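Each in structure tokens, the structures are laid out below.
Here subunit A shows up in two complexes: once beside subunit B, once beside subunit C.
Showing the complex of A and B:
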């Protein structure tokens, strides 16, 4: 980048004598960088302190056998030092391939992937459907938009709490199902129904974000494109397929990536909806939290190992996603 | 038995919303530019249904909060006859609610100001300046999004303890800032990208420094984007539970979300009071939301569409 700028500057200098010389340009670019670094510094400091350092410590913990029994702590005035040992990659091996690794890791992994995929597909399709409805000339669409944004406006823990009351045995949902003579699953106790309930609540919480983003994307598609397509005799489906979807591409690629990352790491909904006593519905994040906090002794090393594995999965996924986007000529960053 | 029954019902309740907009379109092909009456009716029908589903849980929690008895949530039908606002009076008058409320305002407001300022300056830097380290910075902002935050709590706790920031508003604000800033910086970068560079250049020609151009010209123009970022940070801080309950130690410092959880053990989970408190927590957040929602679509679009 800088090389290119200096190259053109040299050329320009020969053509027009009034342009600043290379020394001054260097000074200018230095002052430019200086401002850039000064402006980015707060973020780098905050993230470095509160994210990079914990990450480093987390990685270190994965290489030890730290639990709440052998980590140093202070009781009153006495400081008890660390007594945990370095065990190398044993934790990773144990989590991924050790005895019982299917029940501990892979079953949760499978459910997490399924959960992410289903939720993001539901978020996106419902969000797009509603956005397209709101994008028409329709009486009262501002009102509809305000109503549809409600799940986003209200704090998550409040609504999850409300869903919990609604999904309880004898709660609103089952009463309605019962009056329609349909089955009344134990939403909060039966493993399969728990999963359905978790997806339902997360979908309810996540659609407004997609809807608003996609609505914005739809509004930025020029109406002339639709007119032209209609002139050429395109059907509604063809217009959707060849005008709407390509027009939404850049919005979609960003919100889908964010949606996947957020859903994969979605903690609050499952944690608050089921607490710690529903092993089947725990995704990897809540499972890792349970290892680190929800049991005695607290297994810090295993919990951190899960954390690092989760992070690696997401980074690898994002790298592939970016590559795939690039091949299709659309960058998310 | 129950498992086979629940899946189809869930399918039917969600599927029509996704398909109808597509199904509704063919009616429009005939009359160009105008939708037929059936299509309009269908759209209204779907939107009304979706709005109801969107609002229902919120109304339901409000409804439960009206029941005076702590077991009323089990038979909501009986609440209608004896609905009262007594729970709200009890929560406001006999608990630490108001202290917690002020603490929440302080923390959420502080996060809002600190987070948006940091995010805006970073967003501006990555939007306008090409400097070595730009791409790694963008990547680290994205990667920070991926951190399973629940796993970071333990190491963060040690750092806060070492810095003497435990049980302080400042510490909590800093932690929240670290979780919201990456997304906000991304969002604002996208928004700044939509503001023509000529404006900065004009400012520079008139003698403003890059900071001056940013502060005096770009920030005022980016108000919708800032509103969205502010809204996002405020709501995140307002409703956050795990960090607050780990890092705040004395009950005088609790935020509302933490206060609510102590409330359960302290009063043996009186659901009616819980519900009333939840409503009181949701009200300011929603009010704030609707204050900025005018800018929401424009701000978010620019952010999401062009980042």
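Showing the complex of A and C:
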């Protein structure tokens, strides 16, 4: 086996002029790299099962009018065939431009974008502030760091339910506001207050991750740079602007991208905090869930359409974001 | 080249996964005489009601040594979803407690086995005819009525007396007047209407002589002028003096019941399934303090409330031995003896007249609801009917909070109904 591999590889390398046919090439490649294929096969199979098949099936469903009533199924001995039909791009047209599309899609879309932007800005700025605080040499730093990590370590549903108790009409938050003679908004029922509450809770849950990542980034900035800047007479703001931020660039760009994707798809907080009775505060993901699982009959086609639209938005966004980063990096050099 | 291999591996993976999906449903049939274990999904309240159903299941096991019952309690608010998932793939129960509104949709999907002439339903005439009709789909019976209910006006007699009110209100206007008086004289909130829940708005729609849809006439009526009138009354029940403002939080049901059970609100619209919980509340340690009256009437002068309740349904996908055992179990659970046992323990209403024993009637809660039960309206035989509540509930929440006009909200609901019921006229 080994001999054959060496022999064919050598031959392939010598006569470049006459390229072997595709089958031949496949054979060559197989005999040369069979171990690599063997190693990669499980991953490919798993990816195929977990990603490609559901994705393909999802895209197919968006082109049909499938609901839980007309999708075929087997009930023990009874086989019920599929009765849904192919409707082309009707679902996309209906979601984006159909009657009620403002109420169903665009209002949720606007809120999702606003929610993502506000949350990520809060995550990043608070995370950076706390990280810089913890990067100072102060007594009991490890303890503070532990305490700030706690919200992240606690399971999200525990956090969300605790907040639900605190934000309820007679809960802690409103009691405190009441004792200060301030207004007591209906955090869990009034649409505007609901949005504020959602952002508040998500910020609470998201800051620790940002903080830890940025702290790691801060610690990797060599102290000499700060010393040199100080020697040159840079003010604190100048040091932050010209040493800290560039030093954090690679960490920041990654965590901000992750933060945007996670927040855009942040299902748990909205779902657990408000349940299904809060149409205004639903982001696109929770709304898609509701279409697919939270109602009878389940509207598989529309839910899948939402899924594909969400995926497309994120892919387009990521592509632009990467390009923007690259351009900025080149500008920096 | 690498890509080529990857693609072929992908195809192989797809083939494997498709094959895995395709090979489901290999049933293993057992002989009918051996011991069988049937799985029963109970959807009753886990703390108050389920232990009594479990006690019945144990009695059944004792009487039928060849049948074991695997008793599983599934929270009611998740049950429809879970059943739908399980019956469409694997892990479905052989027999389950099915809400009356699910029957038509499940039957249409082929999940339920018809029970006419089986051991499950030895005599359909023992049950109230309207309940058998409600459990039927296209001429076949798909569930044995287990308990029945309707919505009524539940009130705190002591608080009403304190406010100088001698009789329960019979119209929504009277209710609003009483609520204001309760706030003034008894110092409590007079009335709590459940917000953002389509089911609880049915009495208002029926009171104006309309419904979400006209199933017989194949017409969507949810945005009709009558419905708009009903919903404007509904909206006023959150803003008029002495009524509680709309609560649309996830915990709103618990908030409402806590307030009523502990005497912080004097009246609610509710069904008999809460009676045992209400008796546990501080305001009703004396059971006779609970007043039960028909829901108030609308401008048509008629009061109407939906018929609710639960049936025992048998899954169509089990093998013959399990189905036979499940049918026996269904018959046992709905026997007169079992039903009166459940009624006494859970204060829910039996579905057959021979289960209304003197002991059952002695419970003031049951007696109260038994009096208003004949006026309850059964559901039309429409598989999509229970799906209609989703969109209505969402828009009612917006209307109750004044974020959306009444007509706009109802029109949006009608738009959703048009998708569910393409052959209905608007």
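The working rule: the second predicted complex is superposed on the first by the 285 of 333 C-alpha atoms of A that agree within 3 Å, B and C clash if a C-alpha of one lies under 4 Å from a C-alpha of the other, contacts with A are read in each partner's own complex, and residues count from 1 in each chain.
The rule is short, and it goes like this: a contact is a pair of C-beta atoms (placed from the backbone, for glycine too) under 8 Å apart; a residue touches a chain by one contact, two chains touch by 3 or more.
These figures come from a predicted structure and were not determined experimentally.
Undergrad: Contacts for A:296 in the overlay, against subunit B (first) and subunit C (second): which applies, first, second, both or neither?
TA: It touches subunit C, and subunit B stays clear.
Undergrad: Is A:49 touching anything from subunit B or subunit C once the two structures are fitted on A? First, second, both or neither.
TA: A:49 contacts both subunit B and subunit C.
Undergrad: Quick one: is A:37 in contact with subunit B, with subunit C, with both, or with neither? Answer first, second, both or neither.
TA: Both partners, subunit B and subunit C.
Undergrad: Figure out whether A:188 sits in contact with subunit B (first) or subunit C (second), or with both, or with neither.
TA: In the superposition, A:188 contacts subunit C only.
Undergrad: In this superposition, which partner touches a larger number of subunit A residues, subunit B or subunit C?
TA: It is B that touches the greater number of subunit A residues.
Undergrad: Given the touch rule stated above, what does A:179 touch, subunit B (first), subunit C (second), both, or neither?
TA: neither
Undergrad: Classify the contacts of A:279 with the two partner chains as first (subunit B alone), second (subunit C alone), both, or neither.
TA: A:279: touches subunit C, not subunit B.
Undergrad: Mind working out whether A:268 is in touch with subunit B, subunit C, both or neither, as first, second, both or neither?
TA: After superposition on chain A, A:268 lies in contact with subunit B alone.
Undergrad: Looking at subunit A, which of its residues have contacts with both subunit B and subunit C?
TA: Residues 33, 37, 40, 44, 47, 49, 53, 168, 190, 293 of subunit A touch both subunit B and subunit C.
Undergrad: Which residues of subunit B touch subunit A in the complex?
TA: 1-7, 9-10, 14, 17-22, 25-26, 28-29, 32, 35, 40, 43-44, 46-48, 50-51, 53-58, 60-61, 64, 73-76, 117-119, 121-122, 124-126, 129-133, 137-156, 158-159, 174-175, 177-178, 181-183, 185, 209-211, 214, 235, 238-239, 241-242, 257, 260, 271, 274-275, 278-279, 281-282, 285-286, 289-290, 293, 296-298, 300-302, 304-307
Undergrad: Under the touch definition given earlier, write down the residues of subunit C that touch subunit A in their complex.
TA: Per the stated touch rule, the residues are 1-2, 4-6, 9-10, 12-14, 16-18, 24-25, 27, 80-81, 84, 87-89, 92, 105, 108-111, 196, 246-252, 315-319, 383-384, 386-387, 390, 393-394, 397-398, 401, 403, 412, 415-416, 420.
Undergrad: Which residues of subunit A touch subunit B once you look at their complex with the stated criterion?
TA: Spelled out, the residues of subunit A in touch with subunit B are 1-2, 32-33, 35-37, 39-40, 42-44, 46-47, 49-51, 53-55, 57-58, 61, 122, 125-126, 128-130, 132-134, 136-138, 141, 144, 146-159, 161-163, 165-166, 168, 170-172, 177, 182-187, 190, 192-193, 196, 200, 203-204, 208, 212-213, 215-217, 219-220, 230, 235-237, 239-240, 250-251, 254-255, 258, 261-262, 264-265, 267-268, 272, 284-286, 288-289, 292-293, 300, 303-304, 306-307, 310-311, 314-315, 318, 332-333.
Undergrad: State the interface residues of subunit A toward subunit C in the complex, per the touch definition above.
TA: Residues in contact with subunit C: 22, 25-26, 29-30, 33, 37, 40-41, 44-45, 47-49, 52-53, 56, 68-69, 73-80, 99-100, 103, 164, 168, 188-191, 273-280, 293-298.
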